[in-house]
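The following pair of complexes shares a single chain, chain A, combined with chain B in the former and chain C in the latter.
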Partner chain A sequence: MELTAKQKKQQLKLKTARRDQYKRYTRSTGGNVLYTLFLLIFGLYSVLPMIYMVVTSFKPLDELLVFPPRFFVIRPTPANYQILPSLLDNLSVPFSRYLFNSLFISIVTTVLHVLVASMAAFILAKTNIKFKNVIFAVVQFSLLYNAYTLEVPRYIIYSSLHMIDTYWIYILPAIPSSMGVFLMKQFMDANVPDPLIEAARIDGAGTMRTFWQIVMPIVKDGWLTLTLFEFIGLWSITPTGTIFSESLKTLPYAAANIVQGGLTRAGASMAVSCIMMIPPILVYLVSQRSVTQTMSSAGIK
Partner chain B sequence: MESKVIQIPDLDKKRRVKGIESKKSMYGRMFILPWCIGMAFFFIIPLIQSLIYSFSTVIVDPGEMSTQWVGLDNYKTILNEDPTYTDNLISAVTSFFRSLPIVVIVSLILAMVLNQKFKGRTFFRAIYFLPVIIATGVVMQLLTKNLNGVDAIITLSADTTNTYTSSGGGGGMDFTTILNSLRFPEDITKTMSSLITSIFNTLWSCGIPIILFISGLQTIPEQLYEASKVEGATKWEEFWYITLPMLAQTLLLVIVFSMIDLLTSNTNPVLNQAYQYMNDSAVYDISGAMLWLFFAIVAGTVGIVIFLYTKLLLKRWS
Partner chain C sequence: MEKTEFASEKMLKNRKLHRKETRRENLTYYIMLAPFLVLFFLFTVAPVLSSAILSFFDFDAVSLPRFVGLDNYLRMFLQDDIFPKALSNTMVFAVITGPIGFFLAFMLAWMVNEFGPTTRTVLSFLFYAPSLSGNVYFIWQILFSGDAYGYINSLLLSIGLITEPVQWLKSPQYALTIIIIVQLWLSLGTTFLANISGLQNVNPELYEAGAIDGIKNRWHELWYITLPSMKSILMFGMVMQIQAAFSVSAVPIALAGFPSVNYSTETIVTLLTDVGGARYELGYAAAISVILFILMALTKELLGKLVNMAGR
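On to the complex of A and B.
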């Protein structure tokens, strides 16, 4: 307890020092304007398509078909959103089922992946077990492969494990993805000093305790980032040839059904895409806030 | 007698040390075990399988697959007989090595700018991360592919000939058509649109590298910069002697991440060709050879890069 109080004091000191420094070396107004302009110009590239999507989702049909296309909407209408429930009613499974599947798969798999990857990364980064270098070489090597290469042999394994057409097909293959291990190991290498682990061991903390109470709080940045990446990836997951029952399919599949409608559904597909973007944005906002708050670098340097 | 007295504590010590060590390594194994099992089932076994496929003829019968070893025949076929594979391979490899440094450098610059203190910093960070959020699944499909007559919103390929012919509403925002409608000369339109698409391509793969760089930049202690200021270092020196060495680990992470991103992108011609073979005609041996040759080249180069990086730069900087 004493240590944490000390740490807090130190952090406070650091923060005030930073603020003072910021005050003294702050840029001129011209510099600030230049920075903002530079960022705005490049930022437009990332943000324009999104604005366009949102704007388009409010366009009435005749404005959607105008050529050359106009960027802004003249007579905005919520019709594209109002039509969604009736489009979704045509699906053979209630919409809530797709939503549940997507949320369930994304959340469960993200949690499991972050946990498994962090545990493996902790061992790789901070202990000397046998074959450590071999395992890390496998991690790096496997990063270069994508799902295409392994699709057919993987399918054989899925079917021999009786995983086809179950939830397991989404969850199990995503857990041992090596990106998480690589990311977490780098974070631990950079942020967790070895003396801290040794100190914990001398004080009698076991592997479990060291992991939960010392390593994980320090690399909070890392696993929040990993959570974000993993959630975004899983949120858009669509099974290819491994899921056949409608009740196990995910939200992107339902959305794709609407998008397949083509020209007449252009507005509705824009609307459904806008809705699909909301959960990843929420996860980003939540994780980003805590990332900036912790500012890492706790413990000793 | 004396030797015995000395030996006993020695033995005792040895035994105890061994006990702790084995207990520790047992915990270690338990921690890494779930990941290892998953890795073995979903990566290593399939990988070996696909390597075997690439060296044999795969005969698909209903219900089962049989393989027959043919050695390097598949590789000879794709290199000598396939008309497009060599071109695809060259274009994929060159575009990979062309985009990688651009993505890394641009995202480092943007991350350093975004890590400065100015008003609206959080807002801009969110903006630069947006492509990562949008660029997934259905949304990306909608943005880049022409779906049943619906024009793509942005044409991400630099294929300007195509954009001229794409016509007729459907909600597409095409830079070329917009520029054309503003009655610019054709040459300017072409250069502009190819420039815009290449900036687009770069920025849209910078989202995650920027985040990684920012979190790396935040771990650099402020005191280092203060000290260097006192010593009278210029901004340039600060970058070379503080920022870059302190970012060494992050830089490696970003390089590896961008490599994966570029390798597994939908625009990779080798992957597309192999995937077509696999899906349309169920040719697993040839497609396996295609992928393996590509990955062998890339993995070899990347391995050398990582090796040199860790051996030369990391040693020098730490």
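On to the complex of A and C.
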């Protein structure tokens, strides 16, 4: 039976209330006050630079150069945003192309990565295939090898696969990132009980179906978080030495080009940075709203 | 007699069917694992292996590699004047930012988790903000700028604590501390968010049972219920923090310049960038990264045992 939105909300409320009941016994008022103070201080520390970026993007030129420097803006102006369209005309490829490239690469690669990593994690976490422990150990340790030194061997592989100067260079190497498999495996270890998989098997669900209809919904928080990590990483990707065609370059590359021009462009540079922040923030809100608002009933019973 | 024969026949048939099923299942397993495994081997395992092999060669990317045995490793420890400095700086960064980062990422997530859903979303946004705003080192550059336009300098000048601007990022005594602060600020994100979703997934019934069983305060609850349930996520956070803490390089390069004054903020990875990227001594660079890998792998093994002790 499908539940209506209202019923679902009520259920959630009940669950939250039930969860909070026990808190009366384990929480003290003094502790709560201490908590809030601590969080406020650290929260301010980490959000201040972001606020500074937004504030600065609205500063007129004279306020950017004022001495002594001021944090807040006194006469906010949208000028820094207004000159952006005219700066776009200087680009050799239409701006929409960079935007398309970035969106295409980020979305396609994120989806593929999350899918491939989750499947591999499922096999490594919940089956008894040969060498699974060896494979997982290699995955973990590969995270610790410095990526910079791998650039030369990787470049040789890219060029022998004819991936240089194509979209593949963005997509293929990002799919098997070890972090995704590691994160998903840890989530499955923690939240998917083995008896559940066994029960699904006895009930006649195939491996693929068990993965898709039982495991993935339970580890939803895991793959939502992974989606966010992956999207943020890909959104800021700039090719180094592997892409030569202007029409294959990404938005961060274009953004950096727009704002070259020293001090007079300092405001515009901040404006561009602020705009570039929007898609990651949107993905954050969509994924984390779901993570932080649902009371988990994962793996119970 | 006839009946038993029938039964055994059926058993045999069942077993055959079962074996066939297992074989088909195994095939599915390999099909599901294959996309990852093939690409992982191609883009990670093969490059790592070739890099490790390269560490025994002299290679400048132009002429053919020449086998030199352990020369690269001997040079690192016996001849290179900068390597010991880079190693000790890396250890200082790792020992300070690693544990503090790991601890903060968990404590903040745990504290944020105490609040209701809406507050929780807002608070976790605050702590994740640095990761969302991209590479914004320049904010710290403005803050600690060496001239009177730097915020810190201008503030201290106006209060009268200092009489002339301090070269924060150019003087060894301050640069290291500032880089540690910025590094902490940036490295928190991934582990913090993984912890948040990990905490959401701890079975609420365990907490109820705990309260009934006489757990009196949140610290007991943390030690006996939360931490043990979070072990696998903590393990993930630990590896990510080790990776970040030992690979400090982007922040010192952006803030203190490259190379930094008197190599005061040189780390193993900035050294790698110099050796591999500017001097094209790829064999030597590979040897350095092998040593760095061994350092991190040992740390991981050691700390993994520690994480497993939670709840005892």
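What we mean here is this: the second predicted complex is superposed on the first by the 259 of 301 C-alpha atoms of A that agree within 3 Å, B and C clash if a C-alpha of one lies under 4 Å from a C-alpha of the other, contacts with A are read in each partner's own complex, and residues count from 1 in each chain.
The criterion applied here is as follows: a residue touches a chain if its C-beta (ideal position, glycine included) is under 8 Å from a C-beta of that chain, and two chains touch if they have at least 3 such contacts.
Because the structure is a prediction, the values reported are computed rather than measured.
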So, on chain A, is it clash or fit between chain B and chain C? clash
Give one of first, second, both or neither to describe whether A:256 is in contact with chain B, with chain C, with both, or with none. first
After superposition on the shared chain, which partner residues are touched by A:200: those of chain B (first), chain C (second), both, or neither? neither
Which partner chains sit in contact with A:105 here, chain B, chain C, both or neither? Use first/second/both/neither. neither
Give one of first, second, both or neither to describe whether A:52 is in contact with chain B, with chain C, with both, or with none. both
Which holds for A:268: it touches chain B only (first), chain C only (second), both, or neither? neither
Kindly classify A:143 by the partners it touches after superposition: chain B alone (first), chain C alone (second), both, or neither? both
Residue overlap on chain A between the chain B interface and the chain C interface 18, 21-22, 26-27, 32, 35, 38-39, 42-43, 45-47, 49-50, 52-53, 67-69, 71, 116-117, 119-120, 122-124, 127, 129, 135, 138, 140-146, 148-154, 157, 172-173, 175-176, 178-179, 181-183, 186-187, 189-191, 206-208, 211, 221-222, 225, 229, 232, 236, 273, 276-277, 280-281, 284-285, 288, 291-292, 295-297
Interface residues, chain B side, partner chain A - complex: 24-25, 27-29, 31-32, 34-39, 41-47, 49-50, 53, 65, 110, 113-114, 116-120, 122, 124-134, 136-139, 141-143, 147-151, 153-154, 167-174, 177-178, 180-181, 199-200, 203-204, 207-208, 211-212, 215-216, 218-219, 221-222, 226, 249-250, 252-253, 256-257, 259-260, 263-264, 271, 274-275, 278, 284, 288, 291-292, 295, 298-299, 302, 306
The answer for chain C against chain A in the complex is residues 25-26, 28-30, 32-33, 35-37, 39-40, 42-48, 50-51, 54, 61, 104, 108, 111-112, 114, 116-117, 120-121, 123-136, 139-140, 142, 148-151, 154-155, 157-158, 185, 188, 190, 193-194, 196-198, 200-205, 207-208, 210-212, 215-218, 220-221, 229-233, 235-236, 239-240, 242-243, 246-247, 269, 272-273, 276-277, 282, 285-286, 288-289, 292-293, 296-297, 300
Which part of chain A faces chain B closely enough to touch in the complex? 14, 17-18, 21-22, 26-27, 32, 35-36, 38-39, 42-43, 45-47, 49-50, 52-53, 56, 59, 64-69, 71, 116-117, 119-120, 122-124, 127, 129-130, 135, 138, 140-154, 156-157, 161, 172-173, 175-176, 178-179, 181-183, 186-187, 189-191, 206-208, 211, 221-222, 225, 229, 232-233, 235-238, 252, 255-256, 259-263, 266-267, 269-270, 272-273, 276-277, 280-281, 284-285, 288, 291-292, 295-297, 301
Of chain A, residues touching chain C in the complex: 15-16, 18-19, 21-22, 25-28, 31-32, 35, 38-39, 42-47, 49-50, 52-53, 67-69, 71, 116-117, 119-120, 122-124, 127, 129, 135, 138-146, 148-154, 157, 172-173, 175-176, 178-179, 181-183, 185-187, 189-191, 206-208, 211, 221-222, 224-225, 228-229, 232, 236, 273, 276-277, 280-281, 284-285, 288-289, 291-300
